[in-house]
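First the structure, then my questions, so here it is.
A, B, C, D, E and F label the chains in the order they appear, each numbered from 1.
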Amino acid sequence: MKLSARNVLKGTVKEINHGAVDSEVVIELSPGVEIVSIITKKSAEGLGLKVGGSACAIIKAPNVIIGVE
Amino acid sequence: MKLSARNVLKGTVKEINHGAVDSEVVIELSPGVEIVSIITKKSAEGLGLKVGGSACAIIKAPNVIIGVE
Amino acid sequence: MKLSARNVLKGTVKEINHGAVDSEVVIELSPGVEIVSIITKKSAEGLGLKVGGSACAIIKAPNVIIGVE
Amino acid sequence: MKLSARNVLKGTVKEINHGAVDSEVVIELSPGVEIVSIITKKSAEGLGLKVGGSACAIIKAPNVIIGVE
Amino acid sequence: MKLSARNVLKGTVKEINHGAVDSEVVIELSPGVEIVSIITKKSAEGLGLKVGGSACAIIKAPNVIIGVE
Amino acid sequence: MKLSARNVLKGTVKEINHGAVDSEVVIELSPGVEIVSIITKKSAEGLGLKVGGSACAIIKAPNVIIGVE
């Protein structure tokens, strides 16, 4: 499926922490560049996510805030 | 300022495209890993964003969808 | 691609209105049930969206507010 | 109250699953077309949601991603 | 209509700036406390928003980031 | 850090309720004007949030819905 979301970033699942309802998933995009997602545990299980497997982090561009130090 | 957002990703401004109201900002996180943000032109100007300058892409973890091929 | 988003609703493109930067896309999920999306014009063109074609409306569950009258 | 959100979709509460903090609410918009929302349990109780009752799913248009297979 | 969104903040419309597609609406919640919203121009017109009129700013709690200096 | 988010509202932490995974944080912007945020407990602890301390509520303008009664 092709998506309208401007950010479809390919990476590797580095870490999965399951809570009671939600799961925290860490995707490594490149060495040292990681993105954290929170999805429902039901979704994490449905996707069959496993540490070391491939996955994409998908983000709609208006959901990205820019910060400058 | 420290933020509750789980994703505060440091990078370099690679591209800025100003529309009438919104601006599209591309941040390079590492070679070949880019993230696109849409912010208001007023914000882009207020931040003084310039191609080549440093900037962070900030994303709350629940706004990240996971995809698996 | 399988997605973590809980809502992946199949439908038909009923209407596309292109603005300068953004496009408004109306997806008909069933007769009389429509959902409106705003995406960038660049995305709309990249997806090759056409009135009458198939498309999915994808929404993360925490982005849905419930209202009761 | 009238809302700026472009999607105010009327339906029937089909399922409510209460977690410790959050509740998952399934709204049936038409036969076979369902939308899942996650709200706080406190909100679900405050709204007096009941299976079989009427409810609206409210979604701002920029929160809808379009996918094409 | 009662809403699941935790933040339904009453105020007064202080400013409306119409763009080609989107409108920027500033709501004053109390003297000196303002919140800015971007909605489609179509929605702004449909709501009949006028400077000086009453309006609510509605925000789902997971969309609020916390910052500490 | 300067942010592109149009709403960076200064206030005082009025209440913190820790769940297993998430924390609910109430920020008082002015007497009687409060905003509720849900962040991960890990973030709440990382920020060192304390009742009575200063904090900002940060919201991107497209995440604010307008309602009119």
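By definition in this document, contacts are C-beta pairs under 8 Å (C-beta built on N, C-alpha and C of every residue); 3 or more make two chains touch, one makes a residue touch a chain.
On a predicted model such as this, the values are computed, not experimentally measured, just so you know.
Contacts with chain A and chain F are shared by B, D.
Between A-D and B-F, more contacting C-beta pairs join the chains of B-F.
Shared numbers divided by all numbers used gives the overlap of an interface; between chain C and chain E this overlap falls below half, so the copies present different residues. Relative to the C-alpha centre of chain A, the farthest chain centre belongs to E.
Rotation angle relating chain B to chain E: 120°, from a CA superposition, given to the nearest 5. Centre-to-centre spacing of chain E and chain F amounts to 17 Å, using the average Cα coordinate of each chain. Averaged Cα coordinates give chain C a centre that lies 30 Å from the centre of chain F. Taking each chain's centre as the average of its CA atoms, chain A and chain C sit 22 Å apart. Counting only residues that touch two or more partner chains, chain F has 1-6, 20-22, 24, 37-40, 43-44, 47, 56, 58, 60-63, 65-69.
Pairs of chains in mutual contact: A-B, A-C, A-D, A-F, B-C, B-E, B-F, C-D, C-E, D-E, D-F, E-F.
Of all residues in chain A, only 1-5, 20-22, 40, 58, 60, 62 touch chain D in the complex they form.
Residues of chain C that touch chain A in their complex: 1-6, 37, 39-40, 42-44, 46-47, 56, 58, 61.
Of all the residues in chain E, the ones that touch chain B in their complex are 19-22, 24, 38, 62-63, 65-69. Partner chain F is touched in their complex by these residues of chain E: 3, 5-9, 24-25, 27, 29-33, 35-39, 43-44, 47-49, 53-69.
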